[in-house]
Every structure is written in C-alpha cells, then in structure tokens.
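Working notes, structure below.
By letter and in written order, the chains are A, B and C; residue numbering begins at 1 in each of them.
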Amino acid sequence: MKKKNYVIYPNVKIGSNTIIEDYVILGKTSVNTKKKDILKIGSNAILRTGTILYTGTTIGKNFQSGDHARIRENNMIGNNVSIGSNSIIECDSKIGNNVRIHSLCFIPEYTILEDDVWMGPGVTITNVMHPPCPVFKERGKEMKLKCIKGPIIRKGAIIGAGTILLPGIEVGEGAFVAAGSVVLDDVKPHTVVAGVPAKKISEIKDLVCDPGIYGKGEIYSWRSSLFK
Amino acid sequence: MKKKNYVIYPNVKIGSNTIIEDYVILGKTSVNTKKKDILKIGSNAILRTGTILYTGTTIGKNFQSGDHARIRENNMIGNNVSIGSNSIIECDSKIGNNVRIHSLCFIPEYTILEDDVWMGPGVTITNVMHPPCPVFKERGKEMKLKCIKGPIIRKGAIIGAGTILLPGIEVGEGAFVAAGSVVLDDVKPHTVVAGVPAKKISEIKDLVCDPGIYGKGEIYSWRSSLFK
Amino acid sequence: MKKKNYVIYPNVKIGSNTIIEDYVILGKTSVNTKKKDILKIGSNAILRTGTILYTGTTIGKNFQSGDHARIRENNMIGNNVSIGSNSIIECDSKIGNNVRIHSLCFIPEYTILEDDVWMGPGVTITNVMHPPCPVFKERGKEMKLKCIKGPIIRKGAIIGAGTILLPGIEVGEGAFVAAGSVVLDDVKPHTVVAGVPAKKISEIKDLVCDPGIYGKGEIYSWRSSLFK
C-alpha cells in the first residue's frame, strides 16, 4: 500500500468524499494566522498534487485545485470553485460560487470575484497604485485599507488570458476582457474590452461565433442559464 | 542512504539512464485517463524536482523537465525536448523534436509545436475565442473540436518571452515573435513581429547581431544546420 | 511528532534560527555545479514549502522564500531579501539588500538588482536579443558573455506587475515601471514609464497619492529613509 504523502496540520475540517493527492499541505500557518483559525473545506473536493491551503480560509463544496495551486489565509470561497495549477490566491479575498480561475494566475489581497466569474491562464491582478505602499510599513492596518484596493469582478465576467488589472478596477457584470489586455479603467457591464490600455471594442450581444454553433448575441446567454 | 522521495504509479515505462529527482510524480491519472493508458518516457531523461507527468503521454529520448514542470495526459512529445520550470502542458498536444519551452509557460489543449520551436519564459497560449466555450458543457466532444483551436507553430519558429497567442494562430516556419507581443493574426514564415497587436517589424534575414558575432541574415541560419 | 519532510544535500551551511518548511530542497546540484560548491544561507531565514535552492548560491540574513520559489546556482543575494511564491531566479545573478521579488516572476542569468529594488508579481526579464543565441551552442562561454545582457535595475527602482524587460535594459535609480509595461529602452532615474513600448508618463516627484495620505512628491521619499 502506498504511504501517506501529504501533511494535514491541526484545525483542518475536511468534508466527506474529498481526494487529497501527493505532497498536499493543509492548514498551513503564517505570521498572520491565529491559533484558533480553521481551514474548512466542503465535501467532494479534489486537492491535486502539491496544493497548499493555509488555515483561516473557508471553501465551499465541490472545490478543485490544480497541481501546485496555493491559497493563503482568510479567504472566503464559495461552492463549485476551481483554482488552476500554479495559481496563487493571497489573503483576505472573497470568491463567489462557480468561479473558475485558470493556471498561473495571481490574485492579491482584497480581491472580490462574484459568482460565475471565469479567468483565463496567466492573469495578474494588482491592488496598490504606487507599490510598495508606504502605509504598509509606517501606519498600520487602518491606513492600509485606504491604500489597498483590490478589484471587484462582477457576476459572470470573463477575464482573458494574460490580462493585467490595475488596482481597484471594477469589471461589470457579464463583461469580457480580451486576452492580453492591460485594464486601467472600469469595464462596463456586458461590454468587450481589449488592448493596452484596454478600450471597448464591442458588446457581448454583438459577438459572433465563428464556427456558427451559436447565433449572434447567443454566445454567452447559455452561461446565465447554466448557473440557475 | 537517502530514501526514495518520488511516486511512480502503474503503467509507467521509463527508458534507460533516466534521472528522477525528489517529489516527482509519474503516471498520474485524471478523470480523462483510462486504465490502459501508459506514460512512456524515452531514454536519458532528466525529470527535475516536483515534475508531474500524467499517464497517456508519450515522450521521446533525451527529455528534460524543469523543477515543478507539469505535463498532462495524451500528449505526443518528440526527442530532445525540454520543458522549463513551473511550465504547464495541458492535454492532447503534439510537440516535435528539439523543442525548448522555457519557464512559467502555459500550453493548452490541441497545441501543435513543430520541430525546433523555441519558446521563451512566461508565454501564454489560448485555444478558445470566447471562453469558456458553451459547447464544452452542452454539446460534447464533437462540437468541442469545432470550437477549440490550438495554435500551430511551425518548424523552427521562436516565440519571445511573455508573448500571448490568440486561438488558432499559425506562426510560420522560422518566424520570430518578439517578447511581449499579443498575437492576433497569423505570422508569415521568416518574419519578425512585435507589439500589441503584433505587427511585422522586420524579416529574419534583416536582423542585425549587435555584438557583431554574426553577419546580417546569419543570426538564425545556424539553427537549420543544428538540427540536420 | 511530525517526520522530516525536506531534503538537505551536502555542502549546505544554514544560519541560526532558520525555518525549513515541508518539501524544501537545499543544496541541489546541476550539470553546472562543482563538488566544492556550497549553498550558504544567513541567519533567520524562512524557507517556505517546496522552496528549491541550488548549491553555489550565497544568501544573506533574514531571507524569505515563498512557497515553491526556486533559486539556481551561483547567485549572490544580500540581506533582507524576499523571493515570492513560484518565482524563478536562474544562475549567475546579483541581488542586493532589501530586494523584494513578488510571485510568479522570472529572473534570468546575469541580472543585477541593486539594493531596495521592488518587483511586482508576474514580471518576466529577458537577457538575449535574438534567442536562442547561437553562441551558446557554437562558441562557448567567452562569446556567450558578449551576447547575453541581463538588465541592471538600479537602487530603489520599482518594477510593476506583469512587466517584460528586454535584454540589457538599465532601469535608473528610484524609477517606476508601471504594471503591464514592455520595456525596450533604458529608463531614466526617478521617472515613471508605462505602456508597450514603455514611454515616460511622469516623474516620481509628480505622483499623487489618491487617498491623500502622502503629499505630491512624498510617495516614495519614505523608501530612502526606510533603508538608511
């Protein structure tokens, strides 16, 4: 029989029917975590090879992590969420239900991803306009919250591969940020933006499905029905 | 004596003279893999720390993987291939001989990399124009193949660091995509493209070697001779 | 009692009060390292889960590595340095004191980062203008040094998230490269550049702190005092 090849630290609550693969670390502590902090993972999770989940984070049902994914402390994560291989979720973020974050992404502190958000590989999100912000070192947590602004990505928005989001950006409901964009300004709901800096190039309702499987405007209508 | 610090699952065929470093996983299965699937690795491989190779993939001779590289199921990989640290190869791709993929790259399903392709660090390739494509969930594999289009990168092409390739792009033989490009259109053979979106800026034959080691037009002529 | 879950190879000198987390590899060798090479780590280091440090590298006091960070051979690294999760430092680079490299960064050979440099997540640095440079294979080390040019990033410069630096770039003292830049030309001291290709958009002295915590021109004055 294969020997146990993973580490579960104290204060970890794992739901039923969870798969824990090799070299996984659960309940890791840091200088920010407290003794009473708990890592909670809902039922039916698949925690792939080398996944690292810190304590103080709560994760819903049907969670999946890719190989070597890493999620730090004090995150609230909904049901049916998938975090891709080599992706990093820092602390204090909120991730809704049915969110898919692909591989090699970086999600910093104070990010809010609402339900049904989809994010391609290689996305980098920022949260400080003038890094490294002095108030981190000089003036403590209260000022820190004035300075750090994670993004809000609204329900069902799609963030294309390799996108970079500047601090505090709001991406509107059902919007689509094309691959390779650098987003400096808020993105209006149901619009399509692209480029550096990202500008509106279309609306979701005008997108055309090249292979003709869906009609104009139907491309993303399936998504809202999917999550009802 | 140091204890064995890696895991080899069933159905793994490893060629002679292979080096397996710490925390390597060989023959990993997924929901897509079948019991009869085999991971084949040719002779003289170096599998560096934390490498993960799924079953159902075939790899030629003299393979090298960087630390924490990850290759999923059903890939066909030629001889003398090197996959860099933290890079990810998803399923169902074809990688020719003498291909070098550097660190922190993302290669999605249905990518074709012909012989002698070189890829810098941080490259992100996409394969769906309107992600996440509905047909994945709604209409099964047949429709999926109409919708997903990986890139074809022709023999000897060079993809610079941090490049993002949109779905279905063809990069011509011996072409050079400069670092930081976002490639929306096919790239003609032996041309140099750069920018967002990538535009032709030169031809390979006009590139000048700054330190004067090679004459104009000679910079890449060595490559074709190298692989004969 | 938890069993030892890491590997320390020969010729590793670790300072007092060092924390070594699970699955860490210290003193890893490569084809480039010699038997007499040593990995030296100063006191008070925190080596997080899955960190890989090759032999032949020297690291100062108070070092921190993120989970799955990787540093290859023959680097000289100062005091109070932090290398983020999943970041890669290749060989033969010099990193000064108080340098912070965030997550998912790629730092190639012959990079020089002076004291107090700060680098955001997802930065990719290059060192060869026409990769893969023929002289690597054909003409040996002496010619190689004519061809490879790592960047010099001067004291206190700030490199924003997702930035790509072309080979041999000099980023001046206290300069700020905005997130998402592709840097083709040298950056003058105390200037702010942005875009693809990166152009000057401001000077550090003219940056305005949106929440009003700092006055105009004061935003980065704290940094020089911090490191005195």
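In this text, a contact is a pair of C-beta atoms (placed from the backbone, for glycine too) under 8 Å apart; a residue touches a chain by one contact, two chains touch by 3 or more.
Computed from a prediction, not measured in an experiment: that's the story for all the values here.
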Copies chain A and chain B touch via same or different residues, half shared test: different
Turn needed to bring chain A onto chain C - CA fit, degrees, nearest 5: 120
Rounded Å distance between chain A and chain B, as computed from the means of their C-alpha atoms: 25
Multi-partner residues of chain A (at least 2 other chains): 23, 50, 68, 86, 104, 122, 196
Interfacial residue positions of chain C with respect to chain B in the complex: 7, 23, 25, 28, 50, 52, 68, 70, 86, 88, 104, 106, 108, 122, 124, 126, 129-132, 134-135, 137-139, 143, 146-147, 164, 166, 182, 196
Partner chain A, residues of chain C touching it in the complex: 2, 5, 22-23, 49-50, 67-68, 85-86, 100, 103-104, 118, 120-122, 158, 160-162, 176, 179-180, 195-196, 207, 209-211, 213-214, 219-220, 222-223, 226
